[in-house]
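Data first, discussion second: the structure below is written as structure tokens.
Letters A, B and C mark the chains in the order given here, with residues in each chain numbered from 1 onward.
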Amino acid sequence: SSGLKIVSANKQFSAQLGGRVEVHGAVYNDDGINMGDGTTLRRARIYVKGKLYDDWQYKFEYDFAASDLKGVKDAYLSYRLKEGTELIAGNYRVPYSLEALASSHANTFMERSLGFAFKPGWHLGAGANLSGANWTWNTGVFGDTADQNTAGEDGEWIVGSRLTWLPYQANSSLVHLGIAGLYGDRGDHSDMTYKSGPESKVTKINLVDTKKITGVDSYSQTGLEAALTLNRFNLQAEYMAATLRRGEGDLNFDGWYIQSSYFLTADSRSYKKGRYAPVKPRSILGRNGIGAWELAVRLSEVDLSDADIFGGQQQDLTLGLNVYATPQIRFSAEYIEVLATSNPKTAEPELFQLRAEWVL
Amino acid sequence: SSGLKIVSANKQFSAQLGGRVEVHGAVYNDDGINMGDGTTLRRARIYVKGKLYDDWQYKFEYDFAASDLKGVKDAYLSYRLKEGTELIAGNYRVPYSLEALASSHANTFMERSLGFAFKPGWHLGAGANLSGANWTWNTGVFGDTADQNTAGEDGEWIVGSRLTWLPYQANSSLVHLGIAGLYGDRGDHSDMTYKSGPESKVTKINLVDTKKITGVDSYSQTGLEAALTLNRFNLQAEYMAATLRRGEGDLNFDGWYIQSSYFLTADSRSYKKGRYAPVKPRSILGRNGIGAWELAVRLSEVDLSDADIFGGQQQDLTLGLNVYATPQIRFSAEYIEVLATSNPKTAEPELFQLRAEWVL
Amino acid sequence: SSGLKIVSANKQFSAQLGGRVEVHGAVYNDDGINMGDGTTLRRARIYVKGKLYDDWQYKFEYDFAASDLKGVKDAYLSYRLKEGTELIAGNYRVPYSLEALASSHANTFMERSLGFAFKPGWHLGAGANLSGANWTWNTGVFGDTADQNTAGEDGEWIVGSRLTWLPYQANSSLVHLGIAGLYGDRGDHSDMTYKSGPESKVTKINLVDTKKITGVDSYSQTGLEAALTLNRFNLQAEYMAATLRRGEGDLNFDGWYIQSSYFLTADSRSYKKGRYAPVKPRSILGRNGIGAWELAVRLSEVDLSDADIFGGQQQDLTLGLNVYATPQIRFSAEYIEVLATSNPKTAEPELFQLRAEWVL
């Protein structure tokens, strides 16, 4: 339906060019700290993906957005050994967290929750992705990120695994459960940082931030996921925790969110292989339809303070409205109330933000 | 004719990959200042654009040229409410100036005129583009540019509008009139700069330059446009003026150009919706033809000095030759005589420059 | 077979999107210097190329890999005057060296040899590419690289020429001979540097490095090439030498390599117009085949010390294994023994590296 795609006559080969653009605008009621109202090009991704000899697949994706957001995203090659068994190598997301792995086009809110501080993101690695009718199990070994470029330092190594299960699935309804864990050896990169913005990325300010934690030898993270989709209604929650090991004693940080959404129109969320997929509205805005309309609420929290590290705590309450104009186009509006306590200061900004998002 | 394009059977969907590359080389007779002879990759743009459900259109374009020239260009989504009424959002050019809005592939000279100092360029925004058989009226509200990324500063806001009218139009002839205005609130970005190079971008030197003007609260710009195309003959002129408001008193700068061109072959310029479009030569170089040949002359001026700001005055006289080999390929040669007076020094370089330009 | 390609019905026009991704991982037995084990995204190139009116061709390629590797690669326009006579302009490789000009997908080893210190690489220029049934002769005049952006400095100028000859060619066998020379005037860029890593690019360390050589007016380089392909067996050698002219006296540096490979499967290398081309395996891994398997050995040396410049000497011995899974996909493993003598220290790291490489 969208993008440039070519499929060979025998269907063994295909190649596709696509992408995704997001523009955000935000106004902050600043509460003593200047967050910086304005607009930003949040994502501007172009990808090429394809299939070779039926069983080989590749994808390459780059984000052209401004400075700290730009860079290589997916850049992997995979091989289907047999149905439900795929080997993969290249730059891809460490398997961890329901909302971290879903496309921003498939997540309910404009930004991922506060616990996204723990996102491992994309790393160069290799692994196996197994799946059955109602489960997935992805495991990989990873090295550096694609933009790490440090001379004379041994890179980091991560082992990560995620298991998901659908105890119930029928038509537009499902129950999802997931558990993930990862262990990281920092190699010569002994500094680590966890931080979170106010679930809004127009501002570059992170209200909670551990700053550079030195002398970290290794770390581990665990994640728990639960989600329920009942036709128009959705409920989704995750808990994430991290332990950092260093000479001065371990550090423990954690975060969680719980969110719910309801479609005002006769629409529902899509789901595929352990991840939510983009909503396909039943009617098209501008073709005698109004698209899909969804109301959503989320409560999220993160705690980045432990021992001598005062990263702070933060709680956000978000109310959101999504209008899915077509399967490729979405508009969002959100109101967020923030309560962030760092040491020693407290900030309680409110914010209102808008998004236009479209798939190329 | 060019690029990768796919159209769906019902013509409601399309997707296209294209681009444009320009290589420039220049030699400067330096007159006491080393301008820097050499070659440069002036533009290297790739875009993806498409149509969804007939009425939605998108475009994403990135320039891969060297450092200060690279970045996101068009990145917008538009919706045709009805014939002649289009809503648009994303990163696109603030509607201002005939030559600023035309593609470099459609402008007569290798670089835009000295008054291009006043170009607002691309900003994130939203607006309405209205048009009739012989007029266009584009208005938008804009925020930051796509590469602005300033933490803790409120962004700028611009309101811009441009009206164009064709009092006469017949076959390959037309009279174009245009007027544009914009008002900008600088938010927390209280610094502004206007500058111009010698209508040559191989050198990075700007002979006139206001340098950083501090404490600017708001600014406004006006523009007047007139153009005449009579088959092979063209005459085109613009006047641009800017007023900056600050505590120490207002500043006024302005610029203008007048240019004429004549096709030696039986060709003429194209025009579409308030902008000149790329020339389509009647014969193809290398397919029993010689392409289209065009001689051109331009006089331009800019004044960037007022009150305590000594940005300087500059006048350029340009003689140019364009060879449009095919609709996608153009070669240009230009001789420019510069007279630039900054405070306190005067520079009068001459320069000769060549361009090869092709559309992907 | 791969990529997005469209050809017009009359075959006069075509357009294609393609690319190439390489992921490398390496472990170093460091011998007193921390080389930095890890992984890297070595190449991530996307290109658009096409044909217009049969005789015009263009290509634009960008590398999205990390910092020092990213940038514009091919960005040229060419015109076929007649069979075997092509004019070319834009950003393209100065004609020099058999392995420097071949695609990394076509070279036998993961990295080019130590003498790649002398690679001129891509420059903006124009030239003529002549060829006959068993010879090629490419000559061009070049200016700066596409990412040079130095204000107020005259750029460099290079004249380069390369002649290749196939005294013998039959089925899968050939003898290749080549000679190349280039002369460079440094313009206002009077600094030059030659350096080489350990034929491994996960580490950013260059064991031999002239550092900045100042006051260079001009330089010249010569290259000699010989290669033999006899069905499964290959032998290839090159000698490269550089002379730098400066006030304090000339400097002379040189390098060479000799390599051999043998296919365990019934495969052989491809060759086209003076360059080796990517191997096309006879059987496909995953389609009832095992791909093409190739064993390889290389000895290489570079000498970057002369007069007052102590860049050092280096010798590398490499053993390699290539598995060409499909025409688009290759895996490589290499063991390299390094002997590098700079002044005053000596480093003898061993290293083991792996590569996955695929064409989009």
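Going forward, contacts are C-beta pairs under 8 Å (C-beta built on N, C-alpha and C of every residue); 3 or more make two chains touch, one makes a residue touch a chain.
What you see is a predicted model; the values in this text were computed from it and never measured.
Rotation relating chain A to chain C, from a C-alpha superposition: 120°, rounded in steps of 5. At the interface between chain A and chain B, two copies of one sequence, fewer than half of the residue numbers in use appear on both sides, so the contact is built from largely different positions.
For this pair, chain A with chain B, the centres built from the Cα atoms lie 38 Å apart.
Residues of chain C in contact with at least two other chains: 4, 6, 17. On the chain A side of its complex with chain B, the touching residues are 1-6, 17, 19, 21, 23, 25, 33-41, 44, 46, 64-68, 203-205, 284, 286-287, 325-326, 328-329, 356, 358, 360.
Only residues 4, 6, 13, 15-17, 48, 50, 52-56, 58, 60, 62, 72, 75, 77, 79, 89-91, 124-125, 143-144, 146-156, 187-188 of chain C touch chain B when the two sit together in their complex.
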